[in-house]
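Chain IDs A, B, C, D, E and F follow the sequence of writing; residue 1 opens each chain.
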C-alpha cells in the first residue's frame, strides 16, 4: 500500500465529512426554529388541554433544593407547568408521571388543581402499550372520567399523600382516590395510577408550598 | 456417577425391543433330515471375502463331500458338493440379494446312497494351531450366525492381539428361529467339542456360552454335558432383541463395549455362533466339508403341519423346500433368515446357503404383527427409534437426512457405519418409515463413492 | 384374480402394532372425557366451541392438502386433536368466529406451511391460541362462571358474536347467572393482581374461572395416565415439567412468598396440567432423546413459573411450550445420543 | 439566514467533522497497511460470471473453487458446462485464455426394458427408490441388470434433464444434460454412462444371459447372437459375457449397418437429438401397457 | 470494472427493475427492519417509503458524481457519510413538518442510514453508472420499496385497526385483530405476501407447462 | 429488580421482552440471511454482539463529546462513521487472523455495518439517557438476545431443511413465518422484570 493512496484516503474522507458537516449544519440551522416551535407548541397544547380552561402556560423547574425557577435550557430538576386563565389566574399546575406498563413505560402529564386538592385531568403523552387495548387509557371515556376529580390531598405532615392513588379492578371503585381500571387492561391502568402516585408523592409536597409563588409569576 | 450407572446395568444392554417370538411352532420339534432335491444350486460365494474358484466342469460327476470350488486365498473358503450327482451348469443364477451370482448346478442322482466319501479323519489334539486353522479352512466353515464370515479367519488371532475369552453365541434372538436352540439341545457334545477346539485354536483361557433366558432347557442340557475340566461356563441373558448381536452380547455378559469401528478381538474376545461351533466339533476331527446345515422352516398364517427344524443340504432351492412342506406355490412372502434381518425373496429358485438359518413363509397381512396398515407417514419425532437403537444411534435424524440424500453427513456426523441393520428402529417406528432400508442405501452409496475416490 | 405374486419388502418383516393413526385416535379418546367434563361445566357454549374449532382445523388441513395435491390426511386424526385441544384452551364463552380463526391460523401457519403432520415445529393448537391471544387480548381473558344454571339451554352471550364483530360485554350477564363470589378472574390472575388465594379444593373440582378444559386438574391427569399406560405418550415430558415447576416455584416461594405462590398451587392452577400432559408432550415439537426431554421439560416448567411470577401475564404455560418447541432443534443438536462404544471425542463438535 | 450559517456552530461542526473524518481515515490507512491480505481481485470477477449452481459438473468443489483454479490456469472456462456460453467466452476473454471447448457429452442409458417388454417376477412394495428396491431381492425385475424405473436418476438430476416415459424408463433430454454425472452415480444398476454425442452407436442392454434365457426376461434384450459384430468392421463390436460391447476408440468406423440385423433391437443408433433408431429386423413392439407380474416364465 | 459489461443506456427497465423484478423487499429481502417495524399503519409506511426514496435518490446522485474519485479502501465509509448526511436532513425536516409522524416512525428514520438497500444501490449501481441512470434506478428502487411498504402497511392497518390511512372502514363494531399491528403481524403479513407471490408464480409455471403438454399431446 | 433503570432489568428487557430482533425489528437482515446453519449463525451472532459492545462503548463516549461541544445534531453521522470504521477494523483483523472464519462469514461481515441493530443500539441508549453501566447492560442484553434469536432460528431452519416443505413455502417466506411464530412466542416475555 503506497502512502499515496493513504493520502488519497485521508483527503477523500476529510473532504466528504467536511462537506456533510456543512450540509447538516445548514439544515439544522434552517429547521431549528420550526422544530423548537413545534416542540413548545406540543407541550403547551398538552398543558392547556389537561388544565381545563387554561389559556396560557408557564414552564417552571423545581430544583434539588426545592426552589422554583423559570425554565431555561440545560436546567436540572422537576418540570412543572402552570396554567392560567385569560385573567391570569392560576387554574392548575401540570406535572409529569411515568411508570412501567404492559410493554414499556407509560408517560403522562396530569393537572393538579390546588383549589380542590385533586387531580383534574390526565393525558398520556407517550406509551407503547398494545394498540387497541393498552391505549384504551386514552380513548376509554369511562376511564378518562376517573380523572375529573381524583383526590390527591397531602397528609397532615404535608410530606406525602394522605391516601395513595391506586387503580382497582374494574367496577370496584369506592374511594375518591381510587381509579376504576379498564377491564382487560388492568396493567396499563395500574401503570397510570402508579405514575400519578409516584409523581404526586414526590412533587406535591414540594409544589404546595410554592403555589403562591407560581400564582404570582403571571405569564 | 455415570460409571456407577454402567455397573448397575451390567448383565444387560440398554435399548432393544421385545417382538413376539413365535417360537412355539418349532422349538419343540427335533431336527429332521430333508430329502435331497433333484437339483442343487451351489453358489461359489456364500461367505464374506473372495469367491471360491470352481474346479469342476460341466458334465463332471461329483460325489457328496467332494471339493467343487477351492478357496481363493486366505480370506476365502472352499465349497463342497452337498450331494452326489452330475454338474449340469456353471453360470449366473438368482441369489437372495438379487444380482445373479456364479453358481454350480448339480443334478442329484436319485439312486445314490449319498454317503459322504471325502474326509480324512485327524486327531485335532495332535495338530499345531496353524495346522488347525488350515484344517478349519478346509472344512469350508463360515459363520452360521448370519454374516457367514470365514471361521478360520476369525479363529486366527492376529499377531498383535491375544484372545482371552471365547464367547459362544446361543442367543438366537430373532423371532421364529429355533435351529440354534435345537442344536444346543440335541448336539451338546458336538458343540462342547467345537468350543474346546476353538479354545485351543484361539488360545483363549475360557469360554462363555450366552443363552437367552427363554431357552433355559438348552442351557441345562449344555451344563449337564460339561466335563469337570472344561473352562466353559454357561450363562443366561435377558430375552431381548438383538441380544444375539455380538456387541450386545458382550455388553450383557462382560459389561464391555466394542469400540466404534472395532471388532471384539480388539478387546481380546472371539465370538462364535453355537451352530458354527457344533459343526466345527463334528467336521474338524472327521475332515469333512460343510455340506448341510440346520434350518428352521416355518411360517405365519400358513398351514404348515411339517414346520420344524431340518438338516438341509446347502444349495437346496427354496421352491423344493416349500413343496416338501406341502405349501402351495402362491404365498405372499418368503423370507430367508429371521423376520428382523432376513431377505424377502424375489424368486423361489434361490438356494439355501451356509448363512441361511431359516425359511419363513408369510401369508396375508403378515407384514404387521398387529392392527397397523403399511402406510408411511412423515416422521413424527416420537423418539421411539432413538430409544430402541441398541447402538445408540439417532435413526430419526439419519432418516431425515436420508430423505434428502445427505448420505455423507449421516456418516460423518451420525455414525452411520455403526448401524448393524438390526431393524429395531423400523420395528418401532409408528410412521412405518423404512429406516433400515434408508441406511442400507446410504451405506451402499457411501461405499461406492469411497471406492470411486480410491 | 388369483394371480398372487411374491411380495418383496425390506426387513424387518414384523412391526410393533402401533402406528400414527392408532396413537392419534387414542389421544382423541383420552381427550373426550375432558371435553365432556368441560361441557358439563360450561354447557353448550363449550360444545359449540369444540365443534367449531375442530371443523375449522379439519377444513384447513384438507384445504391445504388439496392445494398441495396431497392425499386426504384427515384420517390420521392429528387435526382432530389440534381442534379439540385448541377449544380446551380457550375461554368457555369465546366467540365462535374467533375460535374458527384460531383453528385456521393454527393449522395454516402452524402446520400446513411446514408440510403437514410431523414437520411442524410449533404446536399447531398453541400457535392458534397464541395468534388469537395476540389478536383479541380482551376476548381471551374474559372468563365466564362454571356451573351456571342455564348452561345446557343457553349460550354465553359472547359465544354467538357475529363474525368480525366485537363480542358484547358479558359483565352484566355474568352478574345475573353467577354463583356469588365469581370475580371473572382466574386463580392465577387473582393471586397475581389481587393477591387472593384460591382453595385447593376448588382447583381440583374445577369450580374456578379458566379455559374450557383446564379447570379440572385431576381428570386431565387421569386421561394423561391412560395414554402413558398405553405407551402412547412420553411420560417423562410432563414429569420433567412438573419437576421444573416445583423446583422453580419452590425456590421463588421460599424467597418471597408474597410474589410467588406455593408449588402446589402452581402445579394445579391454570393450564399447566393440560399443557404439560397433552401439549408439551406432543412428540412432534419435543426433543428425541431422554436427555433432550429433560432439558425441554425443565425449560418449560421453569419458564412457566418465571412468566407467571415476573411477566405481565398471569399464565405462562402456552408461551413456555412454544418457546420449548422453538428450542427443540437446538436441544436436539446438543443432546445427540452417545454412541455405543463411542471413542473419546478427538475433535470438538 | 446566511449570517446564521456562519455562527460559531458552523466552525465547531466543521472542525469536528473534519477531525473525525481525518482520524478515521488515518486509522484505516494504518490498519490497511498492517492487516492487509492480498486476494486476487480477479477471483471475484470470474466468480461473478459463473452460474453459482455449485453443482460440481466442472469437477471442482463449487463455483468459487473453480474460479480460483481458472485464475491459476488449472482448468479451462468451458469445463463449466452449466454456464451460458457467452459468459464462459467472457471469462476466457477476461483471462486471456483459450475457452477449451470440448465436445458435448451426455448421459446415455444402457437399458430399453420398459415395463411393456421386460417382465417383473415379484411385486416390490416399500420405499419408491431404485436403490432401495435393488437391495430387496434385486427389485423383482426378471432381468437382474435392467432398469427398475423408480426414477432415482430423475430425482437426482438437478437440471431436469431426465423424465420418465410411460413405460417407466428414464429419457435424457440431451439439450438439458450437462454431463454432471449424478445419474451415473445414483443408478444402482449402473445403467448410465457419459458419452460424447458423436458416440451414436449404442447397446441399450446390460443383460448377461444368453439367447432365450435373456429373451424370456426381456423382449428387447441382447441375445448375444453376434450378428452386429459380424456385420461391423473388425473389432468395433465384440460379444463378451453374452453382451455386445462397442469399442469407442474405433468410433469413426461406426455406422448404421451394425444395427440392421439385430433381432431384438438391443443395439441402436442415436441421432444428435437423442432419438432412437432401431434396425429393420428388430421385432416391433406393439404392446403399450405394462406386463403383469408373473412369478416365473 | 465488472466482467459483464455495464450498459449506459437508460431503459424503462432501469426504472422498473426495482419496482418489480428486483423489488428490494419482496425479491431481494433487503431493508427488512423498517419494512416490518413501521408498517403498522399505511401512513407510516408511506412516510417511511418517501423518506427512504429521497435518501436513495440523493445519495445515488452524490455517489455517482464522486464515483471515480473515491479510493476503494474508504469506499464504504464515504458512502455511509453521504447517506448519513441525507438521513440527518430528512430527520430534521420531518421534525419540522410533523411531530406526531416523527414520533410514530421513531428511530427508524435515523436507521435509514443502515438500510441495506441504499448502501447496496450505492455499491451495485451508483458507483458504476452515470448520475442520471443511477438516479432513475434509485427512483425505481424507492418506488418499489414504497409500494412494498404500502402493501404491508395497508393490510396490517386494515386488519389490525379496521382503518386505512386512519379512516375507519368497517364501522365501530369491527373487532380489530391486534396481532396484525404487533411484531408477529409484521412477519406474518410479509410471509403471507411472499407465499402469495410464490403461489402465483408456480401457478403460472403450471399453466405454461400445461399448455406445452397440450401441444405435444 | 423491577426498577426500569436497574441494570438487570435493562439486560433482561433487551434480551427477552424487547428482544432486538423479534420485538424491536432490528437486525433482521442477518437474522433472515445468516440463520440457515447453526455453525455460521453462532459466529455471526458472536461477531455482531461483539460489535454491539464496541459500538455501545464508542457511542457512549462520542455522545459525551458531542454534548460537550453542543453539536448533538451530528450524532447520527458520527455514530455511523465510527461504527463503520470499527467494523472494518474487525473485518480486517479477522481476515488476517482467521481466514477460514472470514470465509465462512463471507459477505455477511460487511453486513454488520449495515445492521440496524448496531446503530439502533447506539441511538436508543442515547435516547434513553443510559449511563455507562446501563449502556453496557443494554448492549450485552441486546447482543445476547440477538444470538438467542439467531440460534433458535438457525435450529428451526436446519430442521426444516430436512422436511418435505410445500413448494411455495421454501426460502424467505418460510423464514418470515418462523420469525412471526418466534415473535409470537416471545410475546410471553412481555413485561418480564417489571414490577
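The rule is short, and it goes like this: a residue touches a chain if its C-beta (ideal position, glycine included) is under 8 Å from a C-beta of that chain, and two chains touch if they have at least 3 such contacts.
Everything numeric in this text was worked out from a predicted model, so none of it was measured.
The fewest steps needed to get from chain B to chain F, moving only between touching chains, is 1. Touching chain A and chain D at once are the following chains: C, E, F. Identification of common neighbours of chain B and chain D yields C, F. Taking the CA centroid of chain F as reference, the farthest chain centroid is that of B.
No other two chains have as many C-beta pairs in contact as B-C. With centres defined as mean CA coordinates, chain C is found 44 Å away from chain A. Annotation: 49 Å between the Cα-based centres of chain B and chain C. Separation between the centroids of chain A and chain F, computed from CA atoms only, is 32 Å. Measuring from the averaged C-alpha position of chain A to that of chain E gives a distance of 36 Å.
Looking at chain F, one finds that residues 73-74, 77, 81, 85, 88, 159, 163-164, 167, 169, 173-174, 177, 180-181, 184, 187, 190-191, 194 touch two or more other chains. The set of chain E residues touching two or more other chains comprises 73-74, 77, 81, 84-85, 88, 92, 178-179, 182, 184-185, 188, 191, 195. In chain A, the residues that touch at least two other chains are 5, 9, 12-13, 16-17, 20-21, 24-25, 28, 102-103, 130, 133, 187. Those chain pairs judged to touch are A-C, A-D, A-E, A-F, B-C, B-D, B-F, C-D, C-E, C-F, D-E, D-F, E-F. For chain A in complex with chain F, the residues that touch the partner chain are 17, 20-21, 24-25, 28, 100-105, 187.
In the complex of the two chains, the chain F residues touching chain D come out as 69-71, 73-74, 77-78, 81-82, 85, 88-89, 92-93, 95-96, 99. Within the complex formed with chain A, the residues of chain C that make contact are 137-138, 141-142, 171, 183-185, 193-194, 312. Residues 2, 4, 17-18, 73-74, 77, 81, 190-191, 194-195 of chain F touch chain A in their complex. Those residues of chain E lying in contact with chain D across their complex are 2-4, 73-74, 77, 81.
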